[in-house]
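Structures for review follow.
Two complexes are shown next, each including subunit A; its partner changes from subunit B in the first to subunit C in the second.
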Partner chain A sequence: MEEHYSGRAQPGPETFESTGNDLREYIVYREAPGASPCAPIKQPPSYQFKPINWKTRKVDRQNLTVYFSLSRTEASTRLKAATRGQAMPNARFPTLELSECTDESLKFVLSRTDASVANALRRVMIAEVPTIAIDLVNISFNSSPLHDEFIAHRLGMIPLVSDKAADMNYTRDCECEDFCDLCAVVFQMDVEGQVEGTTVTSQHLQNVWFDPDTYPRASTVEPVHWSCGAEHPDPALDASASGIIIAKLKAGQRIKLEAIARKGIGKEHAKWSPVATVSYKSEPVVSLRLDELNNRLEVAQRQELLKWSDGALKWDARTNKLEYDDAFKYGRTALSNDFVRKCGEMLVQVGSHPSEVILLNNDPSRFEFFVESTGAISAPVVVVNAISVLRNKLQELQTSLRAETLDRVEHGLY
Partner chain B sequence: MANAPERFDAVFLPDGVSKISYEHPMNDPSTAVFRIEREDHTIGNLLRMQLLRDKNVIFAGYRQPHPLQHHIELRVKVKQPSSLSEESPVTALIEAITDLDQELNLLQDRFQFAVGRAQAAQSETG
Partner chain C sequence: MGTGVKIHAGEGRDGAVTVELHGEDHTLGNALRYVMMKNKHTQFCSYSVPHPSEHVIHLRAQAYPDERGGDESMEDAENAESEHVAVRSMDLVHQGLDDLVAMCDAVKRTFEAAIDAHDAAASSGQAAESQYSR
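Coming up: the complex of A and B.
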């Protein structure tokens, strides 16, 4: 109980009354005060969880953070780690704000973590979340203007609903001889051109294993015909409403084929990637060198600038200078794009370069993510699956590292 | 296309190959070079940055030796030379993986919670 993290004087202990509610009464040593969320904690706090009897015990409030001031999940993570006897001095506790959430796209802010985590997440979403895509095409008849390989490639690019991909096997791991309904889905197509001309689309692909009772997994797989899954658009209004175009046939031309879809990941071929885009950017933090600003601009310009600051700046009537408002200091407001543009124009007018006054820093612990799904898996599920994939990778690595080490010990390499 | 590498080479771990192996260069027990099979910058950079947060680790770096070789090499040096005690590079890596796994676990919980709340709000507003 006597550990301190900074050199500052410790205030005397004070009595802490129980609030009477039944929140988990555990305590955890607080992280070093003033430590930035991303910087490594210099002196590792020992996360010792001890039940407290609030009624009988005096608690040094400065030195402790009570359990319920942490979020429930964060605290339970620490608690689980502590019960396993692990101190976690180097772990991070990222937070997440979701701002837009539909099946197709997702916007969220990931903060209190490192660029390596954000980038790993992005890379896994693009390349390592499994989906199902057409991989093998047997063409039995093709008199269309497109050659066989062309059609096979186009078929591969069609996103297929892959909600059950996580439950399916990779064909190379499956116990079946060639392929089966546990590792593949078979589509058939036989289209003949009519006199008025026929457009072959993804809707002509028929799932052979459509029966949900016999094939609970394979029957759910079908092409994603429309960009919006909720409502079928009217073909009369929207040409793309008929599905994804594969080829166009004149009278008498014919395509007959069988397409076998398999599970795979984007690293093997981009057609298995569940996302159209995943991007992240770190948030720029705009600040000003106010002394320089006040020196270079005229009073009238400074007053004009005040109007653009949206409450981030205030006017000091005594000195006629601009100052930061408290709202800006406490991070409740920020300098807008319009302000930065206006300020830059004024500085150019007086012959200064804007970068001498306007400072741009990127906050390297805050990442704005944008995820757009192809429709194969809904965007929120892509993120959840990506985290699972990453965790499985790490756990597999740890297991085999332990096995490798034990192996060496047995063989006397240590 | 006869000499093109197989598409699944980058993904599929062949039989009998261990996912991770390591050696101590120059017989120095405080340094280890881990060879991680069928992994790339995703895991390499993630582990490197996490290892650098460990105050016992004085060097952590990774490389992919060649784009057609589907493994990475992760080099870790820790402060005190010892075999399997607290400060070995192996335990440093195990701890780094544990910390990352906990972080992702927390992230998963928080993400699912946020999505659940967003979807509930959407269904309320219709």
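Coming up: the complex of A and C.
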């Protein structure tokens, strides 16, 4: 296994090369014990590992044949040179550990990857996972204190259950004239204020296409009523019981409208974003300037500190100084929060600033994700959909890039 | 939002290629740059967003010149070299897309397995709880 760093310095020995095109070797390497918290997966992924065989590449137009215009030997030579390691990706596969998982929110750690990959995932979750939201509102009567645009905007912000969004069309792609049950959902609302005053909520929105037999997709779309139950232990105050407030009416005031919900993505308008937030942070890694530490602290303090180090440090009896233990050097243990606090206190006592000795670096390959759903799509499904969206983008690019490459080859541009 | 690609290759002697990816932004550009930089054949790879209000990115890649075929009989050795590298540079882009697709699949598999494991643990926990209360 040769380590190779190309171009800019990259952290970690992440580039590797197989000695052959043996798929098993590759799979074994990827799914090595301890590499993943999950059981090793025996099946190769749906990604097709194609053995290097320039003959099949030569006739298979689907499989990018940039070499077919060249002579046989030339093509063979170039292909061998250019596609060494073709049968496997060059970057390590990330690993993923799930720590908290509910429909509303999700915490997981994505590791052994780069900020660019973590950021791609975050950006897709926020801006490119499709959901359904109210997009067009026809107001036929409004004597409420809120003007029409205000109400339309508030309606747009209500998350709608979008489990079937993936099966629905964008209205611009749909074959219908205006809109239909394959690309839209229609809600109606007609509320009149009672003497005691009336609160108009999302529960007043009636799905016109509620029949599941006639409208299998549109009938599933309804406003998300739940809120976090933990915040409102009293069911009377829980928003899941009362719905999302749209307006308040006095006696005789009335709102009558028709709202058309459509499929869209957060890039177009934030109301289509399936998440309230997606964030990631990298984990701090603590290390010490040991020579500084030994210089600044008294022997007694150093001995006291050793007790807090939890095996990460050891005592050198000859010099009476602290040293890293092998366990720390090989990454089997880390310096704890308690140690950092104690060490900081001691340094302050001797008039030093902790940052002169304690180094906090971010692990650049480990990302703690936090995903909070609006309720339109459950948080785990948001992640899965985001990966699918990213994958579809890549596949579309592959298709057009192959077509463009073939075009260039046919025009003798290679 | 336009889609599609445009390839600029063989325009210089260095054998670098620039690919215009329409409809893409930092989301894909940076991740693609990362996986392509992990390719040991990559000498240079970067991307840019030429203008923030145009939905297009430029991805530039250049492969290391590698050992050449013994039967190379082109008269102009320099042109042959840059053409050779351009083919290889273009392959880096294709390889980068393949790698990123494989990475998506790997993350999805791991994530779904983790969710299944979590659900299984939760349901067995519930069962144990209900047994206890009974």
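The rule we apply is simple: the second predicted complex is superposed on the first by the 275 of 414 C-alpha atoms of A that agree within 3 Å, B and C clash if a C-alpha of one lies under 4 Å from a C-alpha of the other, contacts with A are read in each partner's own complex, and residues count from 1 in each chain.
Here, a residue touches a chain if its C-beta (ideal position, glycine included) is under 8 Å from a C-beta of that chain, and two chains touch if they have at least 3 such contacts.
Small disclaimer: the values here were computed from a predicted structure and weren't measured.
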Which superposed partner A:269 touches (first subunit B, second subunit C, both, neither): first
More subunit A residues in contact [subunit B versus subunit C]: C
A:172 touches, of subunit B and subunit C: first, second, both or neither? first
Partner chain in contact with A:404 - subunit B first, subunit C second, else both or neither: both
Which of subunit B and subunit C A:330 touches, first, second, both or neither: neither
Touching partner for A:108 - first (subunit B), second (subunit C), both, neither: both
Overlapping contact positions on subunit A, where the subunit C interface meets the subunit B interface: 73-74, 77, 81, 86, 88, 90-98, 101, 108, 110, 113-114, 116-117, 119-120, 123-124, 127-128, 380, 383-384, 387-388, 390-391, 393-398, 400-402, 404-405, 414
For the subunit A and subunit C complex, residues of the former touching the latter: 4, 6-8, 10, 14-15, 17, 30, 36-39, 41, 45-47, 64, 66-67, 71, 73-74, 76-78, 81-86, 88-98, 101, 108, 110, 113-114, 116-117, 119-121, 123-124, 127-128, 380, 383-384, 387-388, 390-391, 393-398, 400-402, 404-405, 408, 413-414
Subunit B residues within the subunit A interface of the complex: 7-8, 10-12, 18-22, 34, 36, 39-43, 45-46, 48-50, 52-55, 83-84, 90, 93-115, 117-119, 122
In the complex, subunit C residues that touch subunit A: 3-7, 9-10, 19, 21, 24, 26-28, 30-31, 33-35, 37-45, 63-64, 66-72, 83-84, 86-88, 90-91, 93-95, 97-115, 117-118
Contact set on subunit A toward subunit B in their complex: 40, 42, 44, 73-74, 77, 81, 86, 88, 90-98, 101, 108, 110, 113-117, 119-120, 123-124, 127-128, 172, 265, 267-269, 380, 383-384, 387-388, 390-391, 393-398, 400-405, 409, 414
